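The structures considered in this document are given below.
First chain A sits with chain B, and in the next complex the same chain sits with chain C.
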Partner chain A sequence: MSGDANGHDVVVSVQHLTVRAPQRTILDDVSLDFAASSLTAVVGPSGCGKTTFVRSLNRMVELTPGLEVDGAVVYLGQDIYDPRVNPVMVRRRIGMVFQRPTVFPTSIFENAAFGLRLIGEEISEIEREVEEALLRAGLWEEVKDDLDRPALSLSGGQQQRLCIARALATQPRVLLLDEPTSALDPAATQRVEATMQRLKEDYVLVLVTHNVAQAARVSDRIAVLHAGHLIEVGPTAEVLERPRNPLTAEFITGRFS
Partner chain B sequence: MASAFVFRRAETAEELLFDRSLRTRWRLGLDRALGWLLPLLFLVAIVPILDLVYYIASHALPTLTWTVLTSTNPYDPDALGVPILSTAAIMALAIAVAVGLGLFGGVATAEFLPERSAGWVRTTANMLVGTPSVVLGYFGYFLLVITFGWGLSFLAGAVTLAFFMTPYIFRVVDLAYSSIPRPIREAAYGSGARPYQYVLRVAAPIAFPQILNGVFLALAIGVGETAPIVLTTTQSVIFPPTVFSPVTFLTGTIWENFSQPAGSPALALAFQAALLLMIVVVGLNILVRVISARYQKRLEGLYQ
Partner chain C sequence: MPDPSAPVASADREPLPRPSPSGRSPRARRRRPYGSVVGRLVPYLPAAVPAALLVAIVLELVRSSQLTNFGWGFWGSRWDPPDAWGIATFVAGSFLTALPALFFAMAIGLGIAIASTSYLPAWITRWLDPFVDLLAGIPSIVYGIWGYLLVAPYFGTVINPFLYRHLSFLPGFGGLPPLSDGLGLPVGIFILTLMALPITTLLIRDALRSVPRDLWEAGLGLGATRWETVRRVAIPYGSRGILSAAFLGFGRAFGETVAMAMVLNVVASYPANAFGSTGTMAAEMFLSLDSAYNNSQWLAALSEMALVLLAISLAVNLIGRRLIAQIVTYDVPGL
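After this line comes the complex of A and B, so read on.
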């Protein structure tokens, strides 16, 4: 089944995406469009392929040996799996945040500046762009006075927002979030969720979560994966209140009750 | 099938909280006995080492003077100045070559080679570590001294020693890079790092303390090696003027002098060289602990 982005400004278009491991098919013919200024939550039971799905949107799947990708992921009209496309360039335009905060053992500033240093950004620009990224990630007020502190001294929630800032610093249009709050406590989760809600005005956000309540709180659209198939996609309220697929209903109620 | 938990009988708090069974008493007794036994075993292990230190020091110290350590006069056979300087020079060249090869090979194996080829490389390195150094010495002799025509020389000795130390450094580099937490690696690549940027900017600072450890370990092992050196170079009373000149080495001095008559200055020289080597090795070990402890502090919280 295919998902419509309900808009004309499609940034990422996933077309017949199939990912195979040596023994099994992880994703089977998934097609889904992502429009600008949107937050799509990808939900499903564990093992349904949602992490693989989001990792195939910036070619991170290729870091796992043995996976084979078929189909196309079209970013602004260009298939990122085109052999001429360098995956490094894709990942610089489509940022990613992981389950556990993955700060590097350097200062807060250097973490936020990481992507900028990779692309050889002008030194004079870096400071301004780091501040901008930290502001957008909702961390600036907490860290602006000690940017030289080791990033590992921050709390888990702050580290995760620092990772968001790191991904935002290179000004991507798309941000992939793979269960970004699963390792965080409720207060930190709430702050990361607030950050996501703010960010969706300007970015294409794809949020993988096993938490339907979180999807209900922050997303405009829900895509449900089940055993590698996209079984349902639609506006969040609609999917949660009137799921069309019985499996969706089962998954949602199982999680809610 | 679920069944409710049932108390078999009424138990007093004493019965519940104080375990006086025979088995427990036996275990506690054993625990206490081992608490005495282990320090005792430690003593048993350390006595021969202390005895060795005493034995060497008692032969070395009576005639040890500042001149013995510093004189480079070629007509003074009972001085260590030339062997010390020569050893430092050989170690410098050998460690430079070994670090170069080890870093390159280790990073390539950990980060770039497919799993199967990496396995082969690791097996080869392990075999090299297990190869007796005398075999490596003969290899250096036939390849460098004879085939390459370098003669019994400083260069042949240093390069053979480098071959000997490389697998140690290789293993440490490989392990350090392989054990970088996967999320860190993915975060770097996910931010659009090119492989060399990951290796240099993200992984290198994390792997550094371990690699430094390995370099010092290789130095400590290499400086105490005899066979690779005595087979590929020959004694000299002066510091080698060119890389193709023969060169002397501290362990070589021990090798040459330890069969000298008891009480002779030549035998004392062997003990003095041995004492010096021991101090260097212990010093290297202490240094590596201090340095890696300092760097490790920076990485706290990374491997949670």
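After this line comes the complex of A and C, so read on.
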């Protein structure tokens, strides 16, 4: 499937995206499409711009002062950088999970319900959708009996899955994951990876990772960034076994050996 | 001389000096027991000073107030030395000035802290923030003089008549029209608000600043507006600090003396309405010290009043600590 997403069901289309900081260009003319029901891993060495790339998919990049964004990110036909588009509305449709678990200092339930409360859902709806989101994130069985417990009493891996549930609760089509397992131990990492693999059936997942082995385990497509350029993109197995760009080969072998 | 227990020691290599006591020179081990006992007690002395001071103050106040002197009459509302020694009006006056001032200082402090941490660009807050610290350094007599000479007349001629005209339908705001000298509750509350404001603002600002950037971005990343992130993430996260701000601000306002003595037009009665005059415990103690000087009964009454002020302040402080400790926080792994 989705080796390149030039087909029909493109959900997000990144077109000539360039992000500049005052002193340097972080992303240089990156174009990439994301199809429904896919998990694309964005990999590359530190400083290649992969975090900036994923943060520009829901305009989080604008929270860093001094960055200038050019090009377009088209979500279901709408450029999210159009001046008439409210970034708050973009972020409700394109969810994000961060490197470290970022649960709020409140109960498990309230964490999962955060986005739903923002859009003013009825409480009965919220309860149903919180359960649904926790089920999807693979956390429901572990927390269903004490949803009122402080979320901060959960383990790191559970917190990260709660963050995924929280992002899913508002029913986005796209979920951005910025190195979601980098603060987790191997067992917790494995559960988050299992969650990601289940989720890719229903969502567009974009996973930023510095870990090529993880990309190999969970993704069906790999995009390699190098110094702000998209140097290679293709089906995971193909890129890993027969990289076309020598820099990709160097990066992969460096990581694997 | 090589240490036999050092794992790195070997015949051909010089062992590394180790910081453990056994590896040091033998002289370090030979400590005189006397010296070590004194040395171990020394840190307790400065640490015990606050406790000793508090005990000494309480004991002295208890002694000089001759607690049994006034009996239950001390809690009455009639203060008319040397015939009546009821302090209830002053207790009420202290709360009637401190609580509204605390409310305003918290509200304004929250506003300033939210604007400074979450909305204004960094280069502006770098210039504006230090002024809050400077406000904290203004001596209360300066507030008193300023309040008496400038603020009170303004309240008397402009603000109080305006409030009276528009709010007199509210209970407590009707009745006697405000006097034109302006001395009384509103100006007292205003001055106290200014005096409590720096401490509430500073503490709330620190509390909001301690919110990790990750949490901010998580709130915004879920589609919250900046204000929703402040309200639903930053304020709950900083609730401990915000609560301490309230209790410390109350302490600041509750004991304030000189400025209140100057702007309240201190009288031993409950205020007739929101524009009336009353007295606080601290202001009355200060103002009647002269008359009490040669009257042991009066001095005893002031000592007991001081004891009451101290007891209330301590009680509020302890309750505050309890409440703050009850706010559960956990260590966030990786934050």
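In this section, the second predicted complex is superposed on the first by the 251 of 257 C-alpha atoms of A that agree within 3 Å, B and C clash if a C-alpha of one lies under 4 Å from a C-alpha of the other, contacts with A are read in each partner's own complex, and residues count from 1 in each chain.
FYI, a residue touches a chain if its C-beta (ideal position, glycine included) is under 8 Å from a C-beta of that chain, and two chains touch if they have at least 3 such contacts.
This is a predicted model, so every value here is computed, not measured.
With chain A as the common reference, the superposed partners chain B and chain C clash.
Looking at the shared chain after the overlay, A:Gly115 reaches both chain B and chain C. Of the two partner chains, both chain B and chain C are touched by A:Gly95. By the touch criterion defined above, A:Ser155 reaches chain C but does not reach chain B.
By the touch criterion stated above, A:Asn58 is placed in contact with chain B and with chain C alike. Once the two complexes are laid over each other on the shared chain, residue contacts for A:Ile123 go to neither chain B nor chain C.
In the superposition on chain A, the residues of chain A contacting both chain B and chain C are 58, 60, 63, 88-93, 95-96, 98-100, 102, 104-106, 114-115, 117-119, 150, 152-153, 163, 166-167, 170.
Against chain C, in their complex, chain A makes its touches with residues 58, 60, 63, 88-93, 95-96, 98-106, 114-115, 117-119, 150, 152-153, 155-156, 159, 163, 166-167, 170, 183. Within the complex formed with chain A, the residues of chain C that make contact are 212, 214-215, 217-225, 228, 232-233, 236-237, 328-335.
Across the complex, chain B is touched by residues 58, 60, 63, 65, 88-93, 95-96, 98-100, 102, 104-106, 114-115, 117-119, 150, 152-153, 163, 166-167, 170 of chain A.
Contact residues of chain B toward chain A in the complex are 114-115, 181, 183-194, 197, 201-202, 205-206, 298-302.
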